[in-house]
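Take a look at the structures listed below.
One chain, chain A, links the two complexes that follow: it is found with chain B in the first and with chain C in the second.
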Partner chain A sequence: MFTNRRAFLRTAALATAAITTAALAACGSDDSGDTTTPVSADQVQAALDKGGSITVWAWEPTLKQAVAAFEAKYPKVKVNLVNAGTGNDQYTALQNAVAAGSGVPDVAQIEYYALPQFALGKSLTDLTAFGAGELDGTFTPGPWSSVKTGGGTFGLPMDSGPMALFYNKEVFDKHKIEVPTTWDEYAAAAKKLHAADPKAYITNDTGDAGFTTSLIWQAGGKPFAVDGTNVKINLADEGSAKFAGTWQKLLSDKLVAPVGSWSDGWYKGLGDGSIATLVIGAWMPANLESGVPGAKGKWRVAPMPQWTAGASAAAENGGSSLAIPKAGPNNALAYAFLKYATAGEGVKIRVDNGAFPATTAELKSAEFLGKEFGYFGGQKANEIFAKSAADVVPGWSYLPFQVYANSIFNDTVGQAYVTDKPLTDGLKAWQDASAKYGKDQGFTVG
Partner chain B sequence: MTSPRRSLRAKQTRRSPLLTALTALMLIYSLVPLVWLVINASKTQEGLFTSFGLWFDGDFALLRNIHDTLTYDNGVFVRWLLNTLLYVVLGAGGATALATLGGYALAKFDFPGKRGVFAVVIGAVAVPGTALAVPTFLMFSKLGLTNTPWAVIIPSLISPFGLYLMWTFAASAIPGELLEAARVDGAGELRTFVRICMPLLAPGIVTVALFTMVATWNNYFLPLIMLKDPDWYPLTLGLNAWNDQAATAGGQAIFHLVITGSLLTILPLLAAFLFLQRYWQSGLAAGGVKD
Partner chain C sequence: MTVLAPPTITRTGQTAPRPARRRRSWTGWAFVGPFMTVFAFVFVAPIAYAIYLSVFRTRLIGGTSFVGLENYQQVFTDPQFWSATWRVTLFLLVQVPIMLILALLIALAIDSGRLYGKAFFRVAVFMPYAVPAVVATLMWGFMYGSRFGLVGNINDTFGISLPDPLSPDLVLASIGNIVTWEFVGYNMLIFYSALQVVPKSLYEAAELDGASQFQVIRAIKLPAIRGALLIATIFSIIGSFQLFNEPSILQSLAPNAITTYFTPNMYAYSLSFSGQQYNYSATVAIVMGILTMIVAYAVQLRGTRKDR
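And then the complex of A and B:
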């Protein structure tokens, strides 16, 4: 029936985009029933005692063990853990389910960058009603400020991705390159490495919205300012300009490998030394261990290169929250699970299985900090990650339509990676296209 | 009868270097992906990235990979395989049965509105399935059938192309005189269809069965939007989910299992083709030749 998958997928994408727009419009115009009645801790406990079943849509791999332990602790509760797709696929499915009014899960994993979109679309329960405010201080500032969006708390941080520099020590030693501490040194190292071995690149990049926004974040940029439905986009502010300046140099001199992140070629490059560094979130070790087992012992971790020498600024890259869709059948039980998995006993189980926590208690524990990573030659990498989590630059926010904005990143900024078009022009085009979409969705975009 | 055929064959065996070269190219073009798949299914996750793509790695891990594929995540691959079989048997089997019955009826019976049905069927052949996928999803969601096997099986039952094929095939394969003779001899309509027409229609049925089988076996988009529960995934969705793991923060990259799984996935289809090939050839020829 479906012989030409590409064409079908294209049509399908259009059709689902139409649904999404309709759903957002419908939600935006529905301002009634916005007051959530408070749910006390007793009521949540009562739901646990009574039992029942909840459906959780998540793709995070360590939730499986947390679910098993949760069910063992509360035998009357059945958790149906469903991988409804990764990232965008799941968001589309979630929006379709909300639009259709059936099949909405009790709990959904939503990445930080996507959370404002769902929160503003009024698809999610404000967890303030459950007393989520008392969890203040439980989570590191980056993730906690990410879930506090649009005047409420719309999710609980499940994991985080404070960034660090992962580098292939073997390659660095071979070419006698110092580990860069600033982005200028990073660019110099890129040049030196590529000159010494034309097949080797300092890193790969074909245009990645998450990476770009994270670097702008670290540089102190605040390109997205959101106040209710008033949105300001400025991808030419000081932080964005710093990023564009450095990255333009790397692109113009062809010093980054034209390999897409997460592709098989990427894993190959990480293994054979042709991609020598990654500046990426602290969840990366699990991917390296399974995806590039042969490079065990060659890689090390260092703090993120800085925009100002001697500074210690960091940013978050990726990471997800668990949220409760409004239309989910069992909100009280859902919250019980949310708390267990993100702030309760579930955290340790997940961390033991390779997740990177967003809770301050875990990030400060001696056991966590003292863990020696065989993959990194016995290095205590968590010390660097935890420091990075504490150094995340405050005040960042994503657009309330970031999912869409990121989806057009490659059509706009991506041009700068494959043509001679300057990066700043690409950022401008991204800004204009995002602003236009925002206006079409009923936002006031300045 | 024999002499004209022999002369025809003699004509065909005249060599054309250009055609031979083109055919050889097509052969390589079709076989290389298959060869790649077989070779790489024998490599470990590590070997995939460190060895040449079109030749074997030192470490021959095919059996270990097959074992790991079948047992990974509590043997979920086997579950997906059984799901796919279920969808193929009920979906493609049902589609073939419906197409056969409908095609026969349209070819051999006169009834009011037949022209209308013809227009609808031809129109339906032209509409791509994906254009209907989202409306179908919303409809099934109203019926409460999404996330159940029925959401995949019921839409698979409809094959406008199969119906059209059976229609034209039945029109040429069953002589009207034969039906009249059967009726004169007192056979009921059902008996006539089962005992007399079915054997004549066999090549057509096998053709439609193969088409719908391939379509259902490879069906990706419909289950993608209908199913959320991995327990009901067909192989196509399951392998994609495995592949996505590598692109997940903190996920486990299992490219070697994805490749081995893909190899295992196409084996049943290959077997079905080899087994039913002779029927298919005669079916295509019978459909194409007009007396």
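And then the complex of A and C:
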């Protein structure tokens, strides 16, 4: 009896182990299928003719119109456009879906800074197999080089974000402040504005990794150097020091509004003049029009303030690609949509709705450059954006684990925003924590 | 195995033949089989999977490798993990006593029968517990806002400058306030229901002996609800160590004050979901689970020893 029971227990334990192993196998992601077989244009066309449905995860607002036009053109295709969160939230969801091996979308919006991490993690389809190489020359050099990483092309550029200074002209006129052309003038304007109206701030900032890296980029800094699996991080180089010097002044004097971007308070501040400027990517107009409709006519666009008077350096801020996750169920159809939205008829539709293109043809067209923005009082803002796109400082690169690095930005650099800790210490802490993570992940960090 | 015991005892008296005995033992297991299956899947498998994960390490470069107990060694020397643990311990030491004493006072007040509108108070105090934690935190988050929230409005109206509840120094206290608001009613209900079963004859006897209300509370009521106090304390300990919802939601309002390793649970979450360090995250989860069990068990041991 006793031996029986023990035998049974042993069997039970084995059964439990077997069940657990089965569960583990089901949970583990499938690493096979590393090589992608070429997919011809005919096969993509066949998928379009056959029809079906694809799921697109994206938060870019003008994709909605492109999807509608795409569905009208190919009536058999159904596109489910899902907003799975903006930026990091979506990447978290995407990483989870990829790790779980289920619920992966066919197409996902991935910002340029995040693309290397997903490509390196073997989560994305190399679009070379679909003949993405033919599109060489279609896109502007900056975004095109951003999607070509690790020897493949892992996305198609959907938009770009050459930076410009957006300012509330009404506020500037009211307090008789000149539009700043250098960062020193910008800091002076911040002081003057806040003194004239204690409720008004030159801008908002609660510590934003994308903004900080873009400003360092413009200042000529190259804090991240990547060569395969060798990574160098130096957030104390000349460009980073220039940024830290100027921004420290604004923080110490409490001249930036402690309001997080994209929050309700942010939209409110942009509308009522208490946040007077934004230095941000050229994709902003569509967001202003939809998010702050009440301030129509008050805002204007100017070139980005410079680190050296008289220079014309710019940086990219954000900007996204559309990519095809490897585990997505319908790759051929996904590529058809990708091409339509980023290099085909979809581009025009999106540009008409306020998107900022990454395609050379659109950026150079007279129609695009001559467009008058009602929101900016009839200003031909695209001329400034296109100029900025051409002035982007070359040679910048992001870390192959930038998504993680950005997620700990507030743990480290963010401390300078709420305590007396200097910004340079924060940048140092960010560098150390990022380097530690890089080492843990098997990179050689120097 | 205890399930098997009764049939074994009854059958031994009958001296049944051996083959039958064998069949009998399997019958017993057939009854517990469904339970064992569910138990294996729902309880054992996730824990086993977490332990399995915790002895590996997956890297972006180099893939997955077996590392034995290295992840555990790392946890014990990880300053971020210990700062998170220390933070929830501080929370436990300050917030839990405040919450339980408040709950006890309210329960005693309602139970005393001297309170006018007793039913109203009971419902009003319990009501916050019915508000989902996410909604409650969002609501408090709006009130805490020093620019557009209630704090901001008070500052504007009276021309004063209240300290910012979402600053790094105060944010833990602000979270404690939210949690207290949420759970006072719940704990009050536990104490109140325990007070309801105290026999009325004890109170009558106390009255005949001329005992004051405070003597009644000290000599009758508190000893009678010791069990309930113990349960509420253990629940609160577990709740404190698992602190996640409130700081996680407030993080968007105070990104610099609430770090990604603010509490052990948040640390495990961000390790797993932003850092892709599933293995280390599983290790943190296991260590935290064991710590919680040790503290809860220690409190229970102490509580029950006093009972004797």
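The working rule: the second predicted complex is superposed on the first by the 412 of 446 C-alpha atoms of A that agree within 3 Å, B and C clash if a C-alpha of one lies under 4 Å from a C-alpha of the other, contacts with A are read in each partner's own complex, and residues count from 1 in each chain.
The rule is short, and it goes like this: a residue touches a chain if its C-beta (ideal position, glycine included) is under 8 Å from a C-beta of that chain, and two chains touch if they have at least 3 such contacts.
Owing to the predicted nature of the structure, the values given are computational and were not obtained by experimental measurement.
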item	value
Partner chain in contact with A:432 - chain B first, chain C second, else both or neither	neither
Touching partner for A:408 - first (chain B), second (chain C), both, neither	second
Partner chain(s) touched by A:293 [first = chain B, second = chain C, both, neither]	first
Partner chain(s) touched by A:417 [first = chain B, second = chain C, both, neither]	second
Partner chain in contact with A:96 - chain B first, chain C second, else both or neither	both
Touched partner set for A:120, first chain B, second chain C, both or neither	second
First, second, both or neither for A:136, with chain B first and chain C second	neither
Touching partner for A:264 - first (chain B), second (chain C), both, neither	both
Partner chain in contact with A:356 - chain B first, chain C second, else both or neither	first
Chain C-contacting residues of chain A that also contact chain B	1, 5, 8, 12, 15-16, 19, 96, 264, 268
Interface residues, chain A side, partner chain C - complex	1, 4-5, 8, 12, 15-16, 19-20, 23-24, 27, 88, 92, 95-96, 99, 117, 120-121, 206-207, 229, 257-260, 263-265, 268, 400-401, 403-404, 407-408, 410-411, 414-415, 417-419, 437, 440-443
Interfacial residue positions of chain A with respect to chain B in the complex	1-3, 5, 7-9, 11-12, 15-16, 19, 57, 59-62, 80, 82-86, 89, 93, 96-97, 100-103, 159, 161, 262, 264, 267-268, 271-272, 281, 283-284, 286-287, 290-294, 318-319, 354-356
Residues on chain B engaged by chain A in the complex (per definition of touch)	45-46, 48-50, 128-131, 133-134, 137-138, 141-142, 144, 146-147, 156, 159, 215-216, 218-222, 224-225, 228-230, 241, 244-255
Residues of chain C that touch chain A when the two form their complex	1, 4, 8, 21-22, 25-26, 29, 36, 40-41, 44-45, 48-49, 52, 59-62, 145, 147-148, 167-168, 252-253, 255-257, 259-261, 270, 273-278
